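In structure tokens below, several structures.
Look for chain A in each of the two complexes below; its partner is chain B in the first and chain C in the second.
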Partner chain A sequence: MTFVYLVVFGFAATALLGLITSWIDRKVTARVQYRAGPPFLQPFYDIVKLLGKETLIPAGASKGAFLIAPVIGISGVIVVSTLFWVNQFFSEGFMGDWIVAMYLLTVPSLSLILGGFASGNPLASLGASREMKLVIAYELPFILVALVPVISAHSIRLGDIINVQAGGVFAGSISGILALIVAILCVQAKLALVPFDIPEAETEIVEGPIVEYSGPGLAMFKLMKNMLLFVLPFFLIILFFGGLRFDGINILWTVLEYLGIVAIITVIRNTNPRVRIDQAVRFFWGPMTLLAIVAVILALKGL
Partner chain B sequence: MSFNLIIDALKNPNGYFASTPLSLLCALFAAMFFIFTVIYSMKHMKGRSGLWRYYFYLLATFISTLGVLLTNNFIVLLVFWGFLGLLLYLLIGFGRREGTPETARKTLVIVGGTDVLMLLGIVLIWKLTAGSSGLPGLFSMPIISGMKIQLDGTVSIVAYICLASAAFAKAGAMPFHTWVPDAAENAPTPVAAYLPASLDKLLGIYFLTRITLDVFVMTPTMNTILMALGSITIIAAVMMALIQHDLKRLLGYHAVSQVGYMVLGIGTGNPIGIAGALFHMFNHAIYKSCLFLAGGAAERKAGTSNLAKMGGLVKSIPLVFVTFLIASLAISGVPPMNGFASKWLVYQGVIESGGSLWVLWLIVAMFGSALTLASFMKLIHAVFLGQPSEGVKKILSKEKKGTGLLMGIPLVVLSMLCIVLGVFAWKIPFGEYFSPEISGQVNYLGIWQSGLATLMIIAGMVIGSLIYLAGTMKKARIVAPFIGGEKFEKNPDMRVSGVDFYKTVKDIGILKFIYRLAEKKLFDLYEVSMKIVAGFGIVLSFMHNGILSRYFLWFVVGLVVLCIMLI
Partner chain C sequence: MGKTIIPIGPYHPLQEEPEFFTLTVEGETVIDIDMRMGYNHRGIEKLSERKTFENSTFVVERICGICSTSHPYAYTRAVEDIFPMEVSMRSKYIRTIIAEGERIHSHLLWLGLAGHFLGYNTVYMWAWKLREEILDVMEILSGNRNAYAMFKPGGVRRDIKPEDVPLSVKKIDSILPTLDMIKKAVLDDPVLHARLKGVGVLSYQEAIDFSALGPTSRASGVARDVRKDSPYGAYQEMEWDMIVTENGDVFDKAVVRILEMFEAAKIMKYCLNNLPDGEIDAKIKDVPPGEGIGHVEAPRGETFHYVKSDGTNRPIRHKVRAPTFMNLPTYKATVKGQTISDATIILAAIDPCYCCTERIAVKDAKGRMLYDGKDLVQLSREKTAKMKRRMGVR
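After this line comes the complex of A and B, so read on.
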């Protein structure tokens, strides 16, 4: 039964929703830049086309690690999305809790770093090292703000966090809204989107860790990123809006919340230049952490 | 006197020795590490002189460890504990680096100095509990039976601090940690894996558990202090690890950082935190000795442990790379490895500890875990992946692959244990294994079905592999890497060694200042005390320089002071 959830929700539904989100993102970006934008099925075409391309392995790469990295990444994102879906459906809790979710969410970054290191390319090494620095930069404020719902709900079970919010979402409180703002910026960095696309920086180090990937390997990394584009907003909805709701008018609210988060991420990425890695680290360890600490203190005070 | 005691103890073991499930478990692990160290040393230490002494010291260390774990008498414990310090000093001496003698001396001073504190602590306990029974009472104080001394007076608090200092120095927790990175760097690798990485952790944390839970009754304040020390240890040591340039020294800082989780767990004072701390102790011993042994194999292959001169070793020792990767995922707490399972327990203990400070400890512990991952990614790049250095290229071209069976077996078994203990963590009955430290069932706040999660990870990987199969995996082709059109072979300076990955972090704001102080060794208790002692020396030698006029000056000054006092 669990595996049905894994395949149907963890993989298929998440991939579908992720690809659709990616289309929304690309379409909005195109409209901002006065372009027509891609057709609705373009993200699917991209993946399918990549699957048909040949697999190139750079000379000097560690073949095994190079090839297994995308598999680890996609497996990580499938497991974490299954975790969210199942906790969404069964409130008594299942497989893992908040701590597990926080740890599993670093697995995609880990796979990118491993793949970049294994490719033996200096540009990939640089990109992957930036990815790692970005992870330690955003992880501090992200843990802090993700703790706000835990403090408010007095539980680390995702099911409890969802249930407590049936009476009123955390995003409605001062601490919740502060935390949500910081969390969205952290998600921006987790997705490595502008202004935090430092690890990829196409114009500078040609997509960093994935510079050497082609064919199915690249398809998997692209799919992983698209799935994350759904999974991370989903996590924020669980933490701050009480999860997805399917009863009556609440469907509309859920869709609006989701689209709202995606819209903010897209707008940020279209209106900002790329920052340097040291600026990003300063930004996350400075103002963002301060804001997050304020949110945590407010949450402890019950606000 | 103590010698007679040992003889008496051997004649009449029932009065002096006793065991609990925890101490038996520790002894079992100690035996495992002893066997692995011996197997590994057969290859690693081959061809050295004085090897019979080396193996004798290893055996003596093992026996003393058993003595500490299985005794039920404070004085017997102290004697074995002292032996261990001395043996550590002797074993470090087998290193062949420039800093080895100084490191051995430093270790002896720190570990031996805290042994004195331990003796003081024991005498204070004797005074508190059995002072009236005279000297025989000192020699018959039981550890395990549970004295439950209240930490309400100055004497009992001082006694606790003395004993805890000894445990901290052995385990390598702050502020007595400084010998661990030095020993990791300058001792032979099997010794580093055997003592600072595994046995000393088992002993230190075992003793800390004993005194914290059996001998004394903790107060909330003392628990908070323990948790604060644990958190500081986690974060400060891992920050130092980030910027290291030497493979073994970096691992040494992690050996310090991980103790923080154990101290933090014990400091929570609730069953789940303590179970987490003890589970973490075993897990840490497994993955850290695996890391040291794998690092030693890489060092042996590359002929250096300087990270800037390694890189690309995966082609030469692929098996070592896999074990190192598994162990580094375990230490970074990536699910479903064993490191995650125990950290997960510790975090719940922290959450349950109440108050509002738990948020701080939890953040520090979780963030420390991210930093651990970061520094291990750096290691993996600098040692195994990335671009090979000139030296490694030569090795790759001529030497044969692999590292040999003797060094391979311990690595494989230890890394398998990392996975097995993680996957089956949900089946381990902590309440049974760690009684009487924790009594009854451990109630989890959260959920972690590690077996199920592992199955799902495997299912996810199957889906990933299917995507590969759906693609063009068969037509894979080797091509030159793309570096903006340049040829990598013609530009060797394009190589990224990975040593300076976190230079950005080092140069940020207040961290820059703290790092500079740390590099001046201002946080090193040993170096600071050395400076203070040297400072006294300067003052004294200024006063006694052997010249008559100086002495006459002191005479006049003394006379003046005397006159003033008399008037």
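After this line comes the complex of A and C, so read on.
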């Protein structure tokens, strides 16, 4: 059964939905920019094409870490999405899986840092060090706002968080809406999208940590990013909207919530320039952390 | 913290052209830079010396795809400077229209690229979409979207038809609201303010020391514009403002360029509406011996051409100096102490055009430079002496 969960839900369903989300993101971006945009299957083609390419290992790289980094990254996403799926559909979570989810969600960033430093390229290590600073910046407010549903539900079990919200979603309360705003901005940074695409800044450091990757390694990183594009909005829906629901009119609501979060992320990424790393750190440790603390206090007061 | 070398180039997504900058960085702070040019072999000047005065106009038009008007404009002015002659008012107006249209499309192109370098791809696409409109206007007026082939020594090659004027004016009017929207989107964006203000400051004194030109100098408060300082074409005929700002940072350079587009549209519209009658070609027959200089305000600054004639139908010497040649060294002053994130946009802020600037670099098989500055001066002196002997002048 674990195998089915991991392969069918954790990998296949997440990858499929992630690639579709990535297509939506690309299409909306293109329409905003007066372009035609890619055909529906383009994200699939991209991954399949990369899988057929040669793997090049740079001369100065430490081979083991360089090759294992994308595997670690994609494994982390598969495990965390499996965790969300089983909580969603099979109620087979366990006490404290919220903590495991928070931990696993940083694994993709860690794999990028590992791969970047292992490839022995100055641009890649610069990107990796920026990624590291960015992780330090956004993790604090992200964990704080992820605590808000925990406080409201009195449980660190994702299944309980989903079940409690059957009576009324947390996004309806003041603390919930405040936490959701902060969480979306943190997700933006977790996905490394503009304005927080600092680690990968194409025109500055040429895609940063993944500059030396080619072939299947690059395909795995790309697929990991696409899966995250589904997993993180899914996580927000679990935390603040009571998970995906498929009974009656709620299907519509679920789809709208999901598309709404994706649309907000896409719009933010299309209406902002990239910020500097020091500005990003100041942004997350200043106003975002402050808002997160306010949200936590409000949640403690039961608002 | 150790020093690292970060290469920008020779091939880098930031640059459309091969150039090599090595940034010496400590952490994220740039402490020193080195520039290496010479990846493009040009040879335009030599080529021009083998063409007739008429045909050279087309050669210099192909120095740069973006400022494809400023080079022929400066060249024709240089040829017209060799001997006393008068260009008709109508051709002056037409030249001004083409030059200002080029300024709008060049600044829009820069604005788009600057957005792209900041990761703001929406501005990139919008600016380039708007640029299409102004290229349409240029196509109506000259028959070409780029490389207009409008110039010839003594006048212009092609007249503007009266029936094209209302359509062009209407099209220019129609882009102004969109331009205004882009201006607001760029100048009122708090994130852009945070990103660009106080970044890459070129002080007033540095702008003078480096002889910065065009928008690069005007953003630093140096009111330097060939169109005002030594008026040519039809620029004296109407009221227009030279945009000068004080701070010299990347934001001000953007402001100067954006506001200049409105002035350019104003000049274009005035010229189109008040086009005088007359001949468009002075029909030059012979170019007597002598030398002439021509300079015009290109979108990036002053473009300077020198032409020497020995009485035949070809220039014996043709020298081109593009504005980037003067603006590029300011990068050294502006980038030190900034972060790598800003290094790219600071470089882009001078709107560098390497293909205008590049001439030649002589290297051996191992990539070592064979000539340094002193050698080149020596070579140039020998060549001048040889030319003088051949022409019989002392």
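Everything below uses one rule, namely that the second predicted complex is superposed on the first by the 299 of 303 C-alpha atoms of A that agree within 3 Å, B and C clash if a C-alpha of one lies under 4 Å from a C-alpha of the other, contacts with A are read in each partner's own complex, and residues count from 1 in each chain.
Everything that follows uses one rule, which is that a contact is a pair of C-beta atoms (placed from the backbone, for glycine too) under 8 Å apart; a residue touches a chain by one contact, two chains touch by 3 or more.
Fair warning: this is a prediction, and the values are worked out from it, not measured in the lab.
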Item to complete: Determine, under the contact definition given at the top, whether A:126 touches first (chain B), second (chain C), both, or neither.
Response: both
Practice prompt. Please indicate which partner A:192 is in contact with in the superposed arrangement: first for chain B, second for chain C, both, or neither.
Written response: neither
Discussion item. Just to be sure I read the superposition right, which of the two partners does A:6 touch: chain B = first, chain C = second, or both, or neither?
Written reply: first
Discussion item. Quick check for you: in the superposed arrangement, does A:182 touch first (chain B), second (chain C), both or neither?
Written reply: neither
Item to complete: Return first, second, both or neither, reflecting whether A:206 touches chain B, chain C, both chains, or no partner chain.
Response: both
Worksheet item: Given the touch rule stated above, what does A:112 touch, chain B (first), chain C (second), both, or neither?
Response: neither
Worksheet item: Residues of chain A touched: more by chain B or chain C?
Response: B
Discussion item. Taking the superposition on A as described, I'd like to know which of chain B and chain C A:102 touches: first, second, both or neither.
Written reply: first
Item to complete: May I ask you to decide whether A:34 touches chain B, chain C, both, or neither, giving the answer as first, second, both or neither?
Response: second
Practice prompt. Could you look at A:229 and tell me whether it touches chain B, chain C, both or neither (first, second, both, neither)?
Written response: neither
Worksheet item: Once the two structures are fitted together, what part of chain A is touched by chain B and by chain C alike?
Response: 122-123, 126, 206, 277-278
Item to complete: Show which residues of chain B lie in contact with chain A when the two form their complex.
Response: 312, 314-315, 318, 321, 325, 333-335, 340, 344, 347-348, 351, 356, 359, 362-363, 366-367, 369-371, 373-374, 377-378, 380-381, 384-388, 445-449, 452-453, 455-461, 463-465, 467-468, 470-473, 475-484, 488, 494-496, 498, 501-502, 504-505, 507-509
Discussion item. Can you tell me which positions in chain A touch chain B when the two form their complex?
Written reply: 2-3, 6-7, 10-11, 50-62, 64-65, 67, 70-76, 78-79, 82, 93-100, 102-104, 106-107, 110, 113-114, 117-123, 125-126, 128-129, 132-133, 135-136, 139-140, 143-144, 147, 150-151, 155-157, 206, 211-212, 215-217, 219-220, 223, 277-278, 281-282, 285-286, 296, 300
Worksheet item: Contact residues on chain C for chain A in the complex?
Response: 4-7, 12-14, 28, 115-126, 129, 189, 191-192, 194-195, 339-344
Worksheet item: Which bits of chain A are touching chain C when the two form their complex?
Response: 29, 32-35, 122-123, 126, 194-195, 197-198, 201-206, 270-279
